[in-house]
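There are two complexes below, and they share chain A, which is joined by chain B in the first and by chain C in the second.
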Partner chain A sequence: MRKRTLKRGLTAFWWLTLAFLYLPLAVVVLFSFNASNSAANFTDVSLRWYYRLLGNEEILSAFANSMVLAIVSSVVALVVGCLIGYGMYRHRHRKLGWLIVLIYLPIVLPDIVFGISEMAFFVQVHRLTGFLQPGLSTMIIAHVTFQIPFVALIVYSRFVGLDPTLFEAAKDLYATPIKRVVHFMLPTIKPALISAFFLSFTLSVDDFVISFFTAGPESATLPIYIWGAIKKGVSPEINAIATLMIGAVAVAAIVSLMFSRRRQA
Partner chain B sequence: MSDTITAAVTDKTAPTPAARAAHDASTREASAIAMQGLHKRFGRDTVALAGVDLAIRAGEFFTLLGPSGCGKTTLLRILAGLEEADDGRLLIGGRDVTDVPPHRRSVNTVFQSYALFPHLSVRENLDFGLKMRGVAPAERKARVARIAEFIQLGDLVERRVDQLSGGQRQRIALARALVCEPDVLLLDEPLSALDAGLRSQLQVELLRVQKRLGMTFVFVTHDQDEAMVMSDRIAVLNGGLIQQVGPPREVYEHPVNAFVARFMGHDNLYPVTGRCGDRLTTPLGELTAEAAGSGALLLIRPETLDLLPGDGAGTNHLPARVVERLYRGSHAEYRLAVGESTLQATVNNRGRHLPEVGDRVTVTVAPEDLVTLSE
Partner chain C sequence: MSYSGVIPTARSRAMVREARHLLFTVAPGATWIVIFLVLPSAYLMAVAFMTNGPYGLPEMPLSLESFRRLAGFGFLGWSPGNLYTLLRSLWQTLVSTGLVVLVAYPIAYYISTCRAKWRPIMLLLVVVPSWTNQVIRTFGWMNLLAPGTPLSSLAESLGLIAPNMGLYPSNFAVTLGLVYNFLPFMVLPLYAAFEKLDTAQVEAAQDLYASPLRAFWHAVFPQTLPGLLAGIVLVAIPAFGMYVIPELLGGGKGMMLGNLVANQFSGGANWPLGAAGAILMLIATFVGLFAMRRIGKRLGGGEEVVI
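Let's turn to the complex of A and B:
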């Protein structure tokens, strides 16, 4: 009897936690389909705010910026992070503790410190050389720096999970160094690479703080646009953007998770 | 080589003498191995090989036998090209391959962990070596089909590697190496992960494959029974040095030193304290030996001993007491007390009386069965 009560209590707690996590999101999604522009009363279902988005030049360009930033930075981070991950694997027998800390540091550093440092650095470089004017290029560099550790760690853990004699088997079966990469290493870590790409993608789309400090006047991303727009009050349009972002990030996160599951299998 | 597999597939019993002879002639030169003064050191202190000279004949089933850390695996890895010797030369088929990288050696390995590629199907695993070598697709397909039939795994080829049992993986690892038709096949304890029944079944299978193809096999194991069953010749290694090379019977019956004797499973080793012609003085008593050599240690193989009930007198008759008896069905293993020493004896069970623990018996051994060896 008592056990049953406890079990019910725990079940209720579980639903409460879920509600706590997802109700705010549900409210945003719900009101994005609201026909009126009231944030309090839901009157009727309509797609009017979504149509409104399509007509808003500023939002469309922010969306485009977000996508370019996310895709380009993820691709660059994938290449660099993959090489680092493989390097960490190859030299895992040496004492690399301090190097691992260096790679982890960007993950634990507060975003705002990271963002301010990046900004100060880019300003200096621009003052001295004329390159790296704040804009998409600086944002891409900043995003790549915080994505690399994630990619490197995912790739590293995939390699560590492999039987080390596989590398020798590939050599033994006449694969030259290049063929080993093409026919053995890349196919073997493919699920890890896909997972790492989508994780980087969601990290980039999510990021506001670092983007904010490294952006130029022309390179506002969706989070930056929303932050600017919200100063004038929450419009239902913002709800519609937020809903689209929830959808996009959820898809990317699910794909990433799917491939990381397959990686373990 | 390709023809040999075809011939062996069509004729499953044995290759015709003519095919065998033709094959021997074509590969004899190409697959003999010569190692000259191989040295290998890991770090500052670990000596894996301390100067190994060894010649392996073409078409031979050759076993490197020794305890862990004796250098046998290092030697195999140097043959494969996965490890570089610090000093010395390695020749395969008369060609110096000391500095040739593994992907350019006509040598393939069956790894202890099998090392099948998890991202590929069985067929793609079998095809890997041929693809890397740039063999034409049509020939690749034919060779993979042929080897799959040869190793009898036809219905497995579309499976994924993780859907296979240990024995199946072992077969596929073997097929993946054989399909490349190397001059030399290396096997690194390929059976050690399998349970006893499957293991002896695959021992027989492996031996048949080798005899049928006439390929040079170099096999690494720490199991002396396995080595004796499989090999044409055995090299016993210890401390990075070769202790003895010879056919199984020679290594078992005439070990050259105490290490080889103990490793082959012999416990009955006694110091020879005195010698007068054929008469040897040992802790067991005076024994007569014929052509036993001049070594300082006497070896008595347990299976050469006979147990007679009660007291008896004669040449090489020793009074003993039964301390322990292990009944094994086909035979019984005895531990006997002879004076201050212990003696192991194995007696075949022919349905006659088997002495019990505590019985007084007489142990006899024929003079020609005694061997001496160095420390």
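Let's turn to the complex of A and C:
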């Protein structure tokens, strides 16, 4: 009897928490279809803010910046991180404590400290040498820096999960190092590479603080544009662009669910 | 006489090859992190000990001026502004972490009691909101808490806030935003702990006629402690350095350490002061990580408290 009351209470609490988690997103989606530009009253359904988006060149270029930044940084981080992950696995019997510290550093450093130290560094390097002017290139460097550890750890844990004798087998079959990489290693760690790429991509698109401090005047990404628009005074167009981004996340969630289902089946 | 020092043996050749292999695989990434993160952080720490120049850029000579400023000593004597900001950051971190634990604990337990086929979907439902951009999520709360919205009107009619003020900007809004932001970070490690809970211990406690509360405290809670500690690390450390949420939901009186630091690098233009604040944040981070490791080890769950 008592147990059932507890279960019922927990079920109610679960639904309340879900409401808490989704309410702010629901409000953004709802008001993106609002005909008037009031943030408090919903008057009529309309798509006018979405039409406005299409004509807004700043938003389109911010979108392009976000995509270039995410793709380029993820590709670089994938190559560099994958190498470290393999090196960590192959030499796991050595004392690599310093490397572990180095890899965890970008993860544990508070975003704001990460962002301002990169910014201070880039500004000074630019002042002294003329290289590394704040812009898309400095943002790519900063993003790769926080993506490398995640790629390395994913690839490393995939290698650790493999049967070590597989490596011996590949060697015993007189496969050359290049053949071993192409025909054995890359195919076996392919799932890890795919999930590492998507994680890097998501981290990059999702990042605001580090991008904000390393950006130049011409390299605003979508979150930076939205931030600026909020600071200037809320325009209902933000609801529309935010809704599109929420939609992209929803699609990603469904895809990831389908993948995990298939893996279980 | 042995020639092994001169003529490379198979063994030493293999060692050289292994060392070269380590270099080729690890060097690019390690160099990248050293140049683009270790060097910049080291520079930032050095800046904290320099003097503020006329354009906000750091200059020689070395001094502890920035730490004095951080403690509130300025040109016009002592003012408590910065100390309030520090205390507020600590307070917000404590309150929001506590609230996150209170919400996440029952939720993680509830998910672990549901049917196995529903659990991945339930976890996904908890995590998905945190995949959307932080700025957008916070913007959603601005819409919800602004003056004239149903929630604000409700708070007004209950006499919780002055008329037409709205629930944001306020310290309350910042706490709410922090709890919202970090909830999934606590649910996930706690769920992992609940999932492998040894129920035999609970049954043993019940067989010995322990009251439900005692059974929970002695048989369940210790088993979830490693997950709880991991969650606290994942919530409290980033909460202490939070920038976006207090900036958007807090207004001038809701500023936290992250905003104080960031302002010195934009409008306020006093790099040494900002760097001193950043050092404080780093110390808090490493003390937090170290303390959690120590506590985790003493509880025997040290292996699991890894982030």
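The working rule: the second predicted complex is superposed on the first by the 247 of 265 C-alpha atoms of A that agree within 3 Å, B and C clash if a C-alpha of one lies under 4 Å from a C-alpha of the other, contacts with A are read in each partner's own complex, and residues count from 1 in each chain.
Throughout what follows, a residue touches a chain if its C-beta (ideal position, glycine included) is under 8 Å from a C-beta of that chain, and two chains touch if they have at least 3 such contacts.
Remember, it's a predicted structure, so these values are computed and weren't measured experimentally.
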item: When chain B and chain C are modelled together on chain A, clash or fit; value: fit
item: Greater residue coverage of chain A in the superposed arrangement, chain B or chain C; value: C
item: Which superposed partner A:105 touches (first chain B, second chain C, both, neither); value: second
item: First, second, both or neither for A:126, with chain B first and chain C second; value: neither
item: Partner chain(s) touched by A:7 [first = chain B, second = chain C, both, neither]; value: second
item: Which superposed partner A:227 touches (first chain B, second chain C, both, neither); value: second
item: First, second, both or neither for A:52, with chain B first and chain C second; value: neither
item: Smallest separation of CA atoms, chain C relative to chain B, angstrom; value: 7
item: Residues on chain A engaged by chain C in the complex (per definition of touch); value: 2, 7, 10-11, 13-14, 17-18, 20-25, 27-28, 31, 39-40, 80-81, 83-84, 86-88, 90-91, 94, 99, 102-114, 116-121, 124, 141-142, 144-145, 148, 152, 202, 205-206, 208-209, 213, 222-223, 226-227, 230, 234, 238-239, 242, 245-246, 249-250, 252-253, 256-257, 260
item: Partner chain A, residues of chain B touching it in the complex; value: 80-82, 101-104, 107-109, 111-113, 115-120, 128-129, 131-133, 162, 176-177, 180
item: Contact set on chain A toward chain B in their complex; value: 162-163, 165-166, 168-176, 179, 183-184, 187-188, 190, 265
item: Parts of chain C lying in touch with chain A, wherever the complex brings them together; value: 18, 21-22, 24-26, 28-30, 32-34, 36-41, 43-44, 47, 103, 106-107, 109-110, 113, 120-122, 124-126, 128-129, 131-137, 139-144, 146, 148-149, 180, 183, 212, 237-238, 240-241, 243-244, 248, 258, 261-262, 265, 271, 274-275, 278, 281-282, 285, 289, 307
